[in-house]
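Some structures to go through are shown next.
Heads up, the next two complexes both have chain A, just with different partners, chain B and then chain C.
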Partner chain A sequence: MENTDKRRELQVSAIENGTVIDHIPAKSVFQVVKILGLEDSTEQILIGTNLESKKYGRKGIIKLANRFFEHDEINKIALAAPSATLIVIRDYQIVEKTKVDIPDQVVRFVRCVNPNCITNYEKIATKFIVIDKEEIRLECHYCEKVTDKTNMVFI
Partner chain B sequence: MKNKSLVSIDDYSKDEQLRILDLAAEFEKQPVQKILDGYVVATLFFEPSTRTRLSFESAANRLGAKIIGFSDSGTSSVSKGESLNDTILTVSNYADIIVMRHPREGSARYASEVSPVPIINAGDGANQHPTQTLLDMYSIRKTQGRLDNLNIAFVGDLKYGRTVHSLTFALCNFNTTFHLVSPEELKLPSYVKRRIKENQLEYLQYTDMHDVIPKVDILYMTRIQKERFSDPIEYERVKNAYILHNDMLHGAKPNMKILHPLPRVNEIEMEVDKNPSAYYFRQAQNGVYVRQAILASMLGAIK
Partner chain C sequence: MENTDKRRELQVSAIENGTVIDHIPAKSVFQVVKILGLEDSTEQILIGTNLESKKYGRKGIIKLANRFFEHDEINKIALAAPSATLIVIRDYQIVEKTKVDIPDQVVRFVRCVNPNCITNYEKIATKFIVIDKEEIRLECHYCEKVTDKTNMVFI
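And now, the complex of A and B:
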């Protein structure tokens, strides 16, 4: 009986084709959802958070059916979840497993921390140069001020 | 440099900066040269800055260009809610080059991306004011005969003073030793100091101006504003320490010159104006030659 339950659980959570984003810091799961714009998706999505992880304490996981990402697209989430692992699933099998990379440039999805920056007044896509990938420091292409982990807001 | 916008001092390489200073020296010898006859220069001042605007307009006039523009966004379509994008795209139909001052940081960079004509940033909030930096460099080179290996003191509000930040960046290419004199609350920000360190240059920090004056070639004064202090009592305590008097200048080197981006309020006593070290009004005059050089080279009137 117990075994059958476990199996059923596995069946519900496994996906035939798509992408699994694993090892997301638990507090960042919904940020990742927002960054990838998953609210508007019509495909099956399974979101888990505060799951036990030997490595990270508590982690989050997102399973996306029939969704595959270009490298640039998925790197967006690196700012919120630098520890995330990306697993590509085809026919229930893992075909690729990669770590996310911090991109060189961040366009459109982070707000500039400077309240007097022109991007906070006009309809302009924000744009940052990543000047420090370890500490995650972003220099605004427009006002030249630095936004970092402590004050980063995702649009 | 033709058709290339000037938004930040880093947009010009060291060689390009020096090229502007050389050209400015030519305009100082012969200020009236009608080489921009038939050109239209737009001066768009989304916030008032009479001094900077008049300096640009004087420069354009001496080159024979015509000037259009506004001196306060309250009297322009901006007050009707027009976006910066639309203002720039419209005005670029009327002018060959746009000089702009805007209260928001990054506005000039954005304008340079949407504008088909070159943009000169005449100040974007607290961010950049590159023509001020170039005229400061011109004044330093003219009074000292060189830019390399000088001892330069910045005095006053080094935290918010954008002229100090930009000039520091530019001088990092010239083996400068920086003497930074400010109240504790208004020290030079760490990102500017980092740039000095990255260039393996030295900076020394002080709270008292007296010991610094005999050591330096340039004494660059700035205004300390009361509203910058979180504690008004602290302002009252320190304000007099950053006012320059004639009797403080006795031990100064003979070549030492006092600069100030102006406007001055009370940080340099009027008595200093007649001191041979005072150079701030000449500095403002140099601004016209430097802006002539920038306008002429950006419009391709001079190679």
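And now, the complex of A and C:
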């Protein structure tokens, strides 16, 4: 019996220093992988998806050794995974735990859905006002067209 | 001390039924994710990359609940990750452990590098003879051009 019980749990090393992104909607896990450029990382990464979560249905989790996030990257994570929690680990201890927050404005890293928008043919950074933080709807500061979750492209 | 020790190990549920792909070269982990279509899976998936491995340098591992592979998919895994081991789990027990094996022929799932090859403009399945299993070099049965690891595209 003891052997069987042991097999049901696999030991995975916890990270010494880094960030855990928890409560990612399962369908957004690989989008977060992509926008954070994790495919090319040489640091340890653990990813789980379609895990059971009472609160969020099926969730994903990403554990990143030696990676810490600042404003722009946190905003990107928030747009792709508004329910995400960021847990900062130092020396194996949780030193910070925060829910990501959708910003009021999104500058630079999302493409405007309108092909005729000035930001798509001149070298001007995109800029949006977030008009709906639940459904994630971004109104372009320049052309006023609305980019939403279904057509959001990160640049 | 006990608390500190506990924090160093995180318990992750083992899979009841499914397949573990171990010993994936770290740089090929997300390629394997892509060729197996895991981005769209609704089953539990655990992925680790850049993990320490005495034998293989930095390795990756992918654990897939309720997923079992057959010939074509195993051949795809072999081409992307020739060092991979497939471990089949049933009722929490390892029931099969095999090293993937580069096939002698590759039919259908790799694109020929030659844009003028008949397989690229007519509806003909690609077919290659594997002329180098170490470096992974595939000679096209139709145009004899060689497709290798650096320009291999899975279709």
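Before moving on, here are some points about what is shown:
Everything below uses one rule, namely that the second predicted complex is superposed on the first by the 136 of 155 C-alpha atoms of A that agree within 3 Å, B and C clash if a C-alpha of one lies under 4 Å from a C-alpha of the other, contacts with A are read in each partner's own complex, and residues count from 1 in each chain.
We take it that contacts are C-beta pairs under 8 Å (C-beta built on N, C-alpha and C of every residue); 3 or more make two chains touch, one makes a residue touch a chain.
Worth saying up front: this structure is predicted, and the values here are computed from it rather than measured.
When the shared chain is aligned, chain C comes close enough to touch A:49, but chain B does not.
Looking at the shared chain after the overlay, A:140 reaches chain B, while chain C stays out of its contact range.
Once chain A of one complex is fitted onto chain A of the other, the partner contacts of A:14 are limited to chain C, with no touch recorded for chain B.
In the overlay built on the shared chain, the residue A:39 is in contact with chain C alone; chain B does not reach it.
Of the two partner chains, chain B is the only one that A:117 touches; chain C does not reach it. In the superposition on chain A, the chain among chain B and chain C reaching more residues of chain A is C. Chain A has no residue lying at the interface with chain B in one structure and with chain C in the other. Against chain B, in their complex, chain A makes its touches with residues 112, 114, 116-119, 121-124, 140-146.
If you check the complex, the residues on chain B that touch chain A are 8, 83-85, 102-107, 109-110, 124-128, 191. Chain C makes touch with chain A in their complex at residues 4, 7-14, 26, 30, 33, 38-39, 41-51, 58, 65, 92-93.
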